[in-house]
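This report refers to the structure that appears directly beneath it.
Chain nomenclature is as follows: A, B, C, D, E, F and G, assigned in order of appearance, with residue numbering initiated at 1 for each chain independently.
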């Protein structure tokens, strides 16, 4: 995100990350990386061309994955 | 899901997966695979011809199984 | 459930299982089997002639048991 | 409960158990037995002449005890 | 509570216990005893002249303590 | 709080504790002490001149700290 | 925050911390430090130029990170 884009509400950050690569940290020490395709106010998220990471390295690939919002700890770009 | 189908909300992915094989990861390290028959906004899901997996191999078969949404971590196709 | 019955919402599966034997998996690795007498939208469930299972074998019998919905992981027929 | 009483909603079972002995299993492996005096839709329950059980034997007696609904796993008669 | 007082809803028991000594069991195996001064529908509770117990013996004294309702397992008189 | 102040609802205790020193016990065995500056109905709390305690002794100091309500077990004065 | 700014509701503290460095403690013993860019009533928070800390030292850097509110224990300035 460039400094030109102003974030005033938390979900603005996700809006500006659509179709970009994001890294998501879930409860249970699960890390998933992929292209952000959709999200809703519950933080339910769909990633495309995603992969679960173990020790930072790809472990399992997913064409499409739906992540339930309430297991998400953080989303970063 | 082909690239032709546009996902704009997370549940669109589930809609386009109806009657297809999905793999679901639940809390407590439970994996269940089956044909997606129904879901609702709470992510309650019914699978048909389902099986619980252990170390990636079938362990128990279920004709029909109702999964309570709040134990689901992710759903993948 | 025969293939003739169409499930379009998850609770349809429970409706078609009323008065039939179901197997329920609860948090804490508790398994209970019994005849499905009633359920509501919170997945609160009453079973009749029920039994708790340990390693797949009957451990305790219950004439009637009320299961609180939010401890249920899945219900299968 | 006799077979003459029809349960159509889960709370019907509790209604028909008022002033009767019930056994309640709570999270944390706590078992409490007593006479069912009151309950509400959150499954908050008051028992009279109750006792906590340990290995099926009485451990502590309570004249009246208010159980918060969301710790209850099941209620049986 | 005498048998003369009728409990029809769970919170009736707490109402009839105002200004009396109660014993509260909280998640994490915490026991607190004190005089019940106030409660609300979320089971938030204020006790006066309270003490935390360890193995049934007083450990820490509190002039006033506000207990958040959702950590409470049971309240007994 | 003197005996002259009547607590009729739990939050009355917090109201009468504004700008006074309080001690808060959070999940995960975290203790924080500080001056109560603000709270809301979710029990979100702001403390000023606060410190986290370890074995009853100051460990970390905070000029201002916002505590999320649902991690709070109890608040005492 | 200077003593001149009056906090009357907990979120006032976050409002007065916008664009300032904050330190956030999350469940699972995760510490994240960064510039507060946005928050909402669920305590969802976006930090800019953030870093996860381990034993108080920077471990991972994030250009932008969205923290889900219900994992947050406290936010301090």
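Couple of notes before you dig in:
What we mean here is this: contacts are C-beta pairs under 8 Å (C-beta built on N, C-alpha and C of every residue); 3 or more make two chains touch, one makes a residue touch a chain.
Source: prediction; values computed, not measured.
Counting only chains that touch, the fewest steps needed to get from chain B to chain G is 2. The mean-CA centres of chain F and chain G are about 19 angstrom from one another, to the nearest whole unit. With each centre defined as the average position of its C-alpha atoms, the distance from chain B to chain D rounds to 35 Å. Those residues of chain A in touch with two or more other chains are numbered 27, 70. The touching chains form a single ring; listed from chain E in the chain F direction they are E, F, G, A, B, C, D. Within the complex, the chain B residues that touch chain A are 1, 7-14, 27, 43, 69-70, 72-77. Those residues of chain A whose C-beta lies close enough to touch chain B in the complex are 26-28, 30, 32, 37-40, 44-46, 48, 62-68, 70-71.
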